[in-house]
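Notes for the one structure printed next.
Order as written gives the chain letters A, B, C and D; numbering starts at 1 within each chain.
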Amino acid sequence: MSRQPLRLGMVGGGEGAFIGAVHRRAAALDGDWRLVAGSFSSDAGRNTRTGDALGLIPQRVYPTLDAMIAGEQSLPADQRIDAVAIVTPNYLHAPMAIAALDAGFHVMCEKPMAMNVAEAEAIAAAVADTGRQFALAFTYAAYPLIEEARLRVARGDLGTVRLVQVEYLQGWLSQSIDKGGNKQAEWRTDPARAGAGGCLGDIGTHAFQLAEHVSGLRAETLCADLTTHVAGRRLDDDVSALLRFTGGARGVLKVTQVAAGEENGLKLRIHGTRGGLEWSQMEPNTLTLRWLDRPAELVRAGGPGLDESVAAQFRTPSGHPEGYIEAFANLYRGFAAAIRGESHQRFPDVADGLRTSRFVEAVVTNAASDTKWSGIEN
Amino acid sequence: MSRQPLRLGMVGGGEGAFIGAVHRRAAALDGDWRLVAGSFSSDAGRNTRTGDALGLIPQRVYPTLDAMIAGEQSLPADQRIDAVAIVTPNYLHAPMAIAALDAGFHVMCEKPMAMNVAEAEAIAAAVADTGRQFALAFTYAAYPLIEEARLRVARGDLGTVRLVQVEYLQGWLSQSIDKGGNKQAEWRTDPARAGAGGCLGDIGTHAFQLAEHVSGLRAETLCADLTTHVAGRRLDDDVSALLRFTGGARGVLKVTQVAAGEENGLKLRIHGTRGGLEWSQMEPNTLTLRWLDRPAELVRAGGPGLDESVAAQFRTPSGHPEGYIEAFANLYRGFAAAIRGESHQRFPDVADGLRTSRFVEAVVTNAASDTKWSGIEN
Amino acid sequence: MSRQPLRLGMVGGGEGAFIGAVHRRAAALDGDWRLVAGSFSSDAGRNTRTGDALGLIPQRVYPTLDAMIAGEQSLPADQRIDAVAIVTPNYLHAPMAIAALDAGFHVMCEKPMAMNVAEAEAIAAAVADTGRQFALAFTYAAYPLIEEARLRVARGDLGTVRLVQVEYLQGWLSQSIDKGGNKQAEWRTDPARAGAGGCLGDIGTHAFQLAEHVSGLRAETLCADLTTHVAGRRLDDDVSALLRFTGGARGVLKVTQVAAGEENGLKLRIHGTRGGLEWSQMEPNTLTLRWLDRPAELVRAGGPGLDESVAAQFRTPSGHPEGYIEAFANLYRGFAAAIRGESHQRFPDVADGLRTSRFVEAVVTNAASDTKWSGIEN
Amino acid sequence: MSRQPLRLGMVGGGEGAFIGAVHRRAAALDGDWRLVAGSFSSDAGRNTRTGDALGLIPQRVYPTLDAMIAGEQSLPADQRIDAVAIVTPNYLHAPMAIAALDAGFHVMCEKPMAMNVAEAEAIAAAVADTGRQFALAFTYAAYPLIEEARLRVARGDLGTVRLVQVEYLQGWLSQSIDKGGNKQAEWRTDPARAGAGGCLGDIGTHAFQLAEHVSGLRAETLCADLTTHVAGRRLDDDVSALLRFTGGARGVLKVTQVAAGEENGLKLRIHGTRGGLEWSQMEPNTLTLRWLDRPAELVRAGGPGLDESVAAQFRTPSGHPEGYIEAFANLYRGFAAAIRGESHQRFPDVADGLRTSRFVEAVVTNAASDTKWSGIEN
């Protein structure tokens, strides 16, 4: 009996959008998904053109998410979409995710998950109520060597963790391009569409999620400095924070979008009593392990020394680099496996979304006050 | 009017094969292709299971290429496959490519294209006769920064080229795994299925093609040492060659599959009178340019300084690494564009296949003789 | 007329000490100095053995600094030492430096300069009163590419500075070796001999000095977290601080000696409105410049693109790596030139010592309080 | 009893020379040597100025080597020089070395040791006859991690060696600066002063010596291509050679001085049946080991995992980079220890000089002929 791909509907991601196309490629890569429906833009012409370019049949290119939900629900179960990918600006995530979940669809949602903690809690409640699968696109956590790193820490290879350093340096908002018609920049720096955090919400959440995910630790308190360097910008473009983790580990988080000349420099370092690890997103196929008492090791994508579960994630032998789209495809692969009820690799979900919403809230609150250390709600 | 993907049939690439799955992912990535037919294995069960796992309808999973050709030709033109991807062992490339071309299909063929020069010439004749598109999977030439490198050399940035160094170091054949049931190793070291070159045909052709492609030069003569290090192996696993190019440039080619610990280390360096360039497949998103009179530059995937045609090839902003599968997808994208008659990026074709066949022949001949310098037929 | 080396006396640096031997090599490297006297250890046998091993005549191996001062003052001016190198534990720096200055000698002093701000001010007063040259061994500031970086920032290449990140990661105090007879570890973690800062004073001062020196900015306020990870240790072994600079630039300083597996990882990054720079002490011969609108550049030791004053500092052509001892020798070369009244390269001096003492005080004060932002006295 | 430094006389190395100053710094670094005499230039003024700048007494600044020999022999044994450092152009090495040896002095000689094999044999005979120590400045062999590499190979860590790749890429002779008053370039490209090899003798000898030294293998035959790219140059500026070693290992040697933009890129790679090693002179403090069955390791200068004899060679803890001058100083340290009859680290000597002379001869002979493989006399 032939195994058919799952069926995906997408909301957002019209012509010219960045992340929608990434989702489509990621979903297609392993043959687990087929895009069959979409509501790509509120602009009717743009919506139609995108659907045509993607080879969708016109009836399944919908003007709105609501129309897509209604249209798909009217189809036989074996044609209807299984899941909705939400790739709209942040302010639409919560209402759309909840609507899709309530209509019985699984959801793949872009990050940050919500505009604030209240929205995040509402999504979490909807996930709990509906029992649908919910994946959150914290893509970097889906690089296989991040899973290797997490396992290494979890099984104590590094000893007790003392230090967590995470940084995410971008430079593309170094100038005031927000007003120049750069759609990506525009909505990301508008509080009404992006939320209370600018850079903080856009990439700070990635950094924080990765730090907690790999270290296996929870940050209890933080002390933050939130800055807007570019004149006229309405949200932060630079975040620095000190973190204190349960058990005494100390952390530093540095995130910015005005580091001129930097590309997409997400880097994580964790040190314990016996050694440390380092991973950089821009060279994602190497995990460096340094030891107190023996030479450093380079654990390589697809190479020897990997946990079996990690080795199984690679699509090509070592030395054939996998990149960002492959990491993204790992999300879709895990999401599909979960929907199919197969044993699967873990993926970031609504709990990560709720946690990072609380992180954003704590940073914004702390940075605006004279309080040195603020708690992060668990 | 909706743009439908082109339809692909595959021969070879059953369960457990490596390169077939890469072709399928590469074809799927950009939505240009849909796999609709296949003849994946001469083993009927394996063939059926592969087709099922890929979601093909049973009628389009054929026992042989001939059956696929016949079956597809019987379908209406708007359902029939547009192209055949040939991902079988080397000895099947020529007969299958010629059969597919003669039946009117375009062909995407794995490398090395043929077992010998005679076969290569026969394929070239079939391409010329049929006017079909023929793409050859010299994947590494499809990395965008290789095109940037080629353009830089072509427009004289480096001055007159003096030195070409290409190396391709793998270690996976360091031990005698050829007989241990490793299918990849087994046929690659069998002259009847791989051809006269072992490592030489498998990866030496990649290295040579890349060196000529980027330098824009033709090697006129070569002097080679061909070695088999692993006892009992019937083909070379180690190649060293000196090259002399038209115009006086000198080259060194070093290719091996017994460099224990190496992964997939293809690296190209070219130096001219004004500067040099360096590119490594394992970190494909950086092209290093060194200059006689100013600091070295790192040209980055998606970053500033790229030729417009190269910048257009990237799917993600700089700092989001693209890898091997993306390079492979560039081949399929170019192949699709050529079939559709759109302006397109160049891809390796039958001329590259013929040229590298002549290179293999020249190396084998030279290495077996006391002649110092042997010509390479143009 | 023959140019004779200057004459150096050393206090501290007996057998088994680390930094004394580095000073001796640095002083010898360029022929500017000859070690002719010393008081190497309070242990008489050790003192004598050290002097013998260094080829000193016994009369000039003194039991104490006071004896050395008296002995040298009794010699004719053309035999007498010109300068004293102070390489003792921190608590001896101030009294010894002041004694040497007051006796008319120039001083090369190890860092941190003093136990506290009061001591630092006393040394500064002695320097002002005596008019003697005073060099402080902030060695890392003496790497030539640090001067290149400083000049690049100063002349505005990066635009207006927005971000300063400095880190200094060591791992050698990851375990409780302080009590195990490791002399280096022992005194560095004893408040009575090291001062109020452990890791903070030992390497935090290096990091802070470098950040201000290269950025050309002053940190106005800071917010710090000071931690002792190793049980029983009496001083901090881990420092994290947020910095706010005059003009609005933001900084992060991360310094630790418990990053297991790290060696001597001092790294500085500065970003402005037009680009950024990066320099790592462990690969000191490359300065990376990244730009908003063009490819990154690698400025190399001895290579093209350097300021003339920087190019003049290298002893070997590009590609012949210079390291830590060469940087240290640059200090001695500059110190010698200043004593001789020749035009010279700047070296860290008493102002740097006073400033970093104030930094240490501000961190200790802030970290012990609930105040978020503390000023650093200028 | 005080340990006095050994006394060194230098021939060559006047103002503006490169390598003489390196020798002086290397000799001074560890306090083992004191420069007390010299004959720096055949130009009397230059000779005098150099001696003055170095603080020598005028009586020991001699017009010729012969005068230095005579003058020093007339001094009491405890004042007389112990050794002569020969840093003149190549054609003077043999007569000077023989004269110095015959007069009873130890000799530190620049490379290449001789103009031809006959000269090399004459020096070897003089060393044998006089029993004096003779050190040859194959500096790169004196990097401690090269000794670590040699030991690793010798004790079989890599298994049986199959592949040796050595390259040495420089770019400084990319243009015709030989005639423009660049003294370094001028004599190196004059057959009468440099010998039969240009680039071959100058840096090819380094590469070949390192390859044999670390691999522990002897090259039996070679096949070479010798090229002069710059019009009007009288010696080669580019060398490529294939090597066949005893036991079946295969090698490639690539050496050039016209790789525009390259600095001093000496790199060695050796692969055996179990793994491989890689070392680059420009980052000399890391030795990379790659393994067939486990992650690659980075063995670091001064770090864990080193052989005890290698660990003892470093002057600073790991992470404090040592460079070219330190490697050079290792030669002088070993040379001093040998003269003093202490147990010592091995240094390149007359055997290396003779062997590399035979290599040069074999390359020149082979490259000028149609013979594919030429033997190298042992």
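Operating definition for what follows: contacts are C-beta pairs under 8 Å (C-beta built on N, C-alpha and C of every residue); 3 or more make two chains touch, one makes a residue touch a chain.
Nothing here was measured: the structure is a model prediction, and the numbers come from that model.
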**Study point:** Set of chains whose contacts include both subunit C and subunit A
**Key:** B, D
Practice item. Write down the chain pair with more C-beta contact pairs when B-C is set against A-B. Key: A-B
Revision key, fill the gap. In whole angstrom, the CA-centroid distance of subunit B from subunit D equals 43
Check your understanding: Hey, how far is the Cα centre of subunit B from the one of subunit C, in Å?
Key -> 55
Exercise for review: Compute the distance, rounded to whole Å, between the mean C-alpha positions of subunit A and subunit B.
Suggested key: 34
Point to revise | Per-residue overlap in subunit A, given as positions that touch at least 2 other chains | key: 262, 289, 291-292, 296, 300, 303
Exercise for review: Name the shape of the chain contact graph, picking from line, ring, star, complete and other.
Suggested key: complete
Review point. Which residues of subunit B touch subunit C in their complex?
Key: 289, 291-300, 303-305
Practice item. Mind listing the subunit A positions that touch subunit B in their complex? Key: 1-5, 18, 21-22, 24-25, 28-31, 51-58, 170, 172, 262-265, 281-285, 300, 302-303, 315-326
Check your understanding: Which subunit D residues qualify as touching subunit B in the complex?
Key -> 158-159, 162-163, 165, 167, 169, 171, 174-175, 223, 225, 227, 229, 238, 240, 242, 244, 248, 250, 252, 254, 256, 258-262, 271-276, 289-292, 296, 370-372
